[in-house]
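The following pair of complexes shares a single chain, subunit A, combined with subunit B in the former and subunit C in the latter.
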Partner chain A sequence: MSIRKIIERLLFLVVVIWTASTITFFIPRISSRNPIRERFGQLARTGGFSPDDLEIIIESYNQKFGLDKPLWEQYADYIGSIARLDLGVSLYQYPKTVSELIQEAIPWTLGLLVVTTILSFIIGNVLGAVAAWPRAPRWLRSIATPFILFMGVPPVLLAVFLLFFVAFRLKALPLGGAYSIGVVPNQSLKFYLDVLRHQLLPALALIFGTVGGWVLSMRGMGVTIQGEDYVLFAEHKGLSGFTIFRDYYLRNALLPQVTGFALALGNMVTSGIVIEQLFGLPGIGTVLYNAIKANDYLVIYGVVLFITIAIATLMVLVELLYPLIDPRIRE
Partner chain B sequence: MTTTMISQQEFLQPSRVILFFRYLRRNPGLFIGFFILIGLILFTVIGVLTIDSSDAYPLSVKPKQPPSLEYPFGTDFYGRDLLAAMVVGMWQTALIGVLAGALGTFIGVALGFISAYFGGRLDNTIKGVCQILQPIPVFLIQVVIAGSLDKRDVTIYTMALIVVLLAWMWPTLVIRSQVLSMKERQFVSVAKLSGMGDLEIIFAEILPNLLPFIAASFVWSVFSAVFTSFYLAVVGLGPLREPLLGNTIWAAQSQGAFFNGWWWWPLFPAIAMVLILTSLALINMGLDELANPRVRRME
Partner chain C sequence: MEPVLKIENLQVSYYTDAGRARALDGASLALNAGEKLGLVGESGSGKSTMALAMMRMIKPPGRIEGGRVIVGDTDLTTLTEDEMLKTRLEKITYIPQGAMNSLNPVMRIGAQMVDAIKAHDKSLSKAEMSEMSMDSLESVDLDRSVFKMYAHELSGGMKQRVCIAIGILLKPQVIIADEPTSALDVVTQRQVMETIDRVQETLGAAIILIGHDMGLMAQFVDKVAVLYTGRLMEVCTVREMFTNPQHPYAQALIRSLPSFDNKGVFHGIPGLAPALLRLPSGCTFHPRCQHATEICTTTLPRLEQMENGRLVACHLYSEQV
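Now for the complex of A and B:
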């Protein structure tokens, strides 16, 4: 890959991040809501200071956050702080910064999403490849059908059903939370097993809710690869069916799926956020959900921007690394 | 020599409706999708006509009742009859879906046509905007917009608008690529040579051939509108007063419905949502197959 292509993609990444930050800067300013006034109005109602003081406090905070400056200057400051990876402070848990909140939550989200994304990718692609492989036994090929049939069902709905059947009816797994009530987080094996038990249902919902997409696209890919000359050649060489399947058919069909992987990240993260909130897991999604509930705008925008930057960066990374794993498009 | 009599009927070309039903038999996904959708529409229409929709709002019936003959889906913590809430919720879901879907498809078709047919700088701009917006998770931007709104301003209609704001990109790209390929076909060149104007070619020649694609992207838009408005409602950004299906699940979850044993509260809206999304996804896949002769199963 040429240096020029790399620079081009990096520039694209900068444009995407700039667009996302511009959107998160201007939308709140178009709206009629004033986060600082709302927050202090709330505090004033619960007692503490008189309404006269309220105006003075709001003014001084506007000054402190630079909200009295002209819009273009605020915008320049904002873009500057994003470039320094400074996402601002929480209005509700002041003086905690958004970055601190994200840092506390990110291990939970990463743990859940990385494992489920990879498992969903593997399961979906193998099932899809088998479904398109004419020599596979019929029952094996038909395993994929229900996944395609229920492709439209979002993981969140699967989570509701899993909660009902597995956690509520069978009482086999907990109904929610990151670990059992009354347990203090520690480094023991027992604690990790407890956490794992709590992660099982959200993970299952995420995996089964996203497998269908992979099955469908892999089946389509597999059908086109079957007709290729090299598959025919491998057959005539007398290679065993499994070798052909693994080395000639799966590998070639799998590579283009990697580019789809980057696109699927967005959906995965979206579903992960909603699932976390449904199960009460203390990840990024719950930070976002609590911020929505408390009208903590700066946290909402900070978290949204953080996720967007993460996804866009991963997408560009996958695109740049792709030639390394697929020799066919290496120049 | 004997001549076999052939009844006149066999010469007649079957009507379009019959052909359509024959096609449905070959495309079971489309058939099942339509079947579920008709069932859902019947449920909603009969429900709207026979049920007092004011029962779908708080403090109208005895709260926390499990499913019984009087309340087939039970009642919730706030004293809503869940059957009435489901009927109203499905009606509102359909409203959001169809409104946002129609608007999104319209914008997508218009932009896709302009982009592909006129090409040049306009095409590059539209394509560029779509490419830049693509890596940004649409749902998160919708969270920002919905979160910036005053809670009182959030209604079914603002939900539809928020959902449509970023939902036109996919239809635009699909229609664009179709028009690009269609532009090069012979019948368009013939039309051009015979002196037809741009608008006439678009409306009389290209548009009719694109109808299956437009139908498929309409169903896709409805699907994504229902999907994203459901997600927004599940995280508590929906119109809180309304019994939208996502709102009901959000309310159930924030009251700890499973912890308290009120299993029916989140379960029935979830089943309804699964049926809606599955039928739309199946119809979309079926229409894709219908529109794209290369994957259409021949018989």
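Now for the complex of A and C:
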């Protein structure tokens, strides 16, 4: 891939981020709601200051947040602050900044969502490929079937089932939380194992809920690829079954799946938000959920923008890496 | 001279829901080193089935039900699956029909040659295998640089040459070329055929060329075998086939070719080839045959040698024997 192409893609990424942030900026401005007026209106109702004072307070806060400036100036300030990665402060957990909140939450989300998406991708594609491979033993081919059944069940519902049976009834794994109550996060192996124990159920729910999709699409691809002339010619060459499976069949069938991987990461965020909430994990999803509950709008916009940027970046990354696995894309 | 390839009474059937289709019934052939045989017949006559059976690559619902394929002094039908893997490419090789898609699009040509060598001989070093591959590419008139290229960077003719280069990597004794030029234009066709010709001469291998292009056969092969409904009808030299075919089907086949003598007149073969599931009794050609007699409807004629050494499966001649 040429340097030109890479620059083109990166420019495209900037445009996507700019568009996303512009939409995030204008949507709240379209509504006539003023979060500051709302917040202080609530405070005023509990008593304490006169309506005149209220106006002065609102005025000064509007000034502080720059809401008294003309729209274009606000917009310019906003874009400028995004370029500096400054997403503002949390109204609810003032003076914590949105970036700080995201930073604290990100390891939990990355740890759970990215790892489960990758695991699900690997398990699903290998099972799907084997399921379509006529020379694989029958028992191996049938492993994939139960996963296809699970596909119809949303991960959230699976999570509830797992919670009930494994954690509540069997008490085999903790009911929720990121780590045991009373433990102070540290770098010890014991702490990591504790975290892993807590991540197991949400991870299982996410994996079981998504593997079926990979199995189905891979099996479909596999059926097409195994009839390709190059797979037959590979057999005529006297290659071993495993070599044909890996180099001729799997590698070609995987190509469209890689594109799907980037999309799956995006979908995972959606399921992840609810799953994190369900298990009480302090990830991005929980931050977003709490912010929506508290009407902490700067945090909401910050998180939404962050997710948009993260997914857009991943897409570009996959696109840039794609020529490495498919030489036909290279120019 | 001991023939390098002997096929004896080869039988292949496909088991379908509608019954058993005998795609190849008692095919026997012998081929000496350096000999070129053309295997002709209409679509569905069992040409590719015969090629696949020789490679032992018939897949379910198909089955090889009998007969022997002997290359050199090895009977392929008695080998284990693992031994057969080694035999492919090493002793008997297949050059595919769809060369356009016969190369893996995501692997370099070189890698697809090296993995083939590796599967047969693990003792060679990487450099030796690369050298072998590039020599093979050179022998089919390709540049050594093709080794580092991908299939999509090659033209149709080049891809077909690469397939030939892969096929002859391990210097096999028998080469089966399944319509190797069907996807190419006539100029490239000729070049590719000349390449196959030269490569075969250097190796001294026997070659079976499958196809229905009689013109190509006339130029290229020494012997012709005519297949009809999975049965060999006639085997003779190419000269005999074009000047004096014996079997009524072969006669009709040759008559159907356009020639300068009878310009504008088209002789088709009346009727259609029967479905393999509902073959006529006796000789499978008898419903379309002008010379059919009583015995043709009841008894299947065997492929028999005539006085002049030709092999024909027809009652017209077996009665004389």
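Throughout what follows, the second predicted complex is superposed on the first by the 312 of 331 C-alpha atoms of A that agree within 3 Å, B and C clash if a C-alpha of one lies under 4 Å from a C-alpha of the other, contacts with A are read in each partner's own complex, and residues count from 1 in each chain.
In the analysis below, a contact is a pair of C-beta atoms (placed from the backbone, for glycine too) under 8 Å apart; a residue touches a chain by one contact, two chains touch by 3 or more.
Please read all numbers here as calculations on a predicted model, not as lab measurements.
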{"item": "First (subunit B), second (subunit C), both or neither touched by A:Y248", "value": "second"}
{"item": "Partner chain(s) touched by A:F150 [first = subunit B, second = subunit C, both, neither]", "value": "first"}
{"item": "Touched partner set for A:G227, first subunit B, second subunit C, both or neither", "value": "neither"}
{"item": "Contacts of A:D326 with subunit B and subunit C, given as first, second, both or neither", "value": "second"}
{"item": "Partner chain(s) touched by A:P95 [first = subunit B, second = subunit C, both, neither]", "value": "neither"}
{"item": "More subunit A residues in contact [subunit B versus subunit C]", "value": "B"}
{"item": "Shared subunit A surface residues [contacts with subunit B and with subunit C]", "value": "none"}
{"item": "Sites on subunit C touched by subunit A in the complex", "value": "55, 57, 84-90, 93-94, 96-108, 115-116, 119-120, 150, 152, 163, 166"}
{"item": "Contact footprint of subunit B on subunit A as seen in their complex", "value": "12, 15-16, 19-20, 23-24, 27-28, 30-33, 149-154, 156-157, 160-161, 163-164, 167-168, 175-176, 263, 266-267, 269-270, 273-274, 277-278, 288-289, 292-293, 295, 297, 300-301, 304, 307-308, 311-312, 315"}
{"item": "Touching residues (chain side subunit B, partner subunit A) in the complex", "value": "29, 131-141, 143-145, 147-150, 223, 227, 230-231, 234-237, 249, 253, 258-259, 263, 266-267, 270, 273-274, 277-278, 280-282, 285"}
{"item": "Of subunit A, residues touching subunit C in the complex", "value": "228-230, 232-240, 243, 247-248, 251-252, 255, 325-328"}
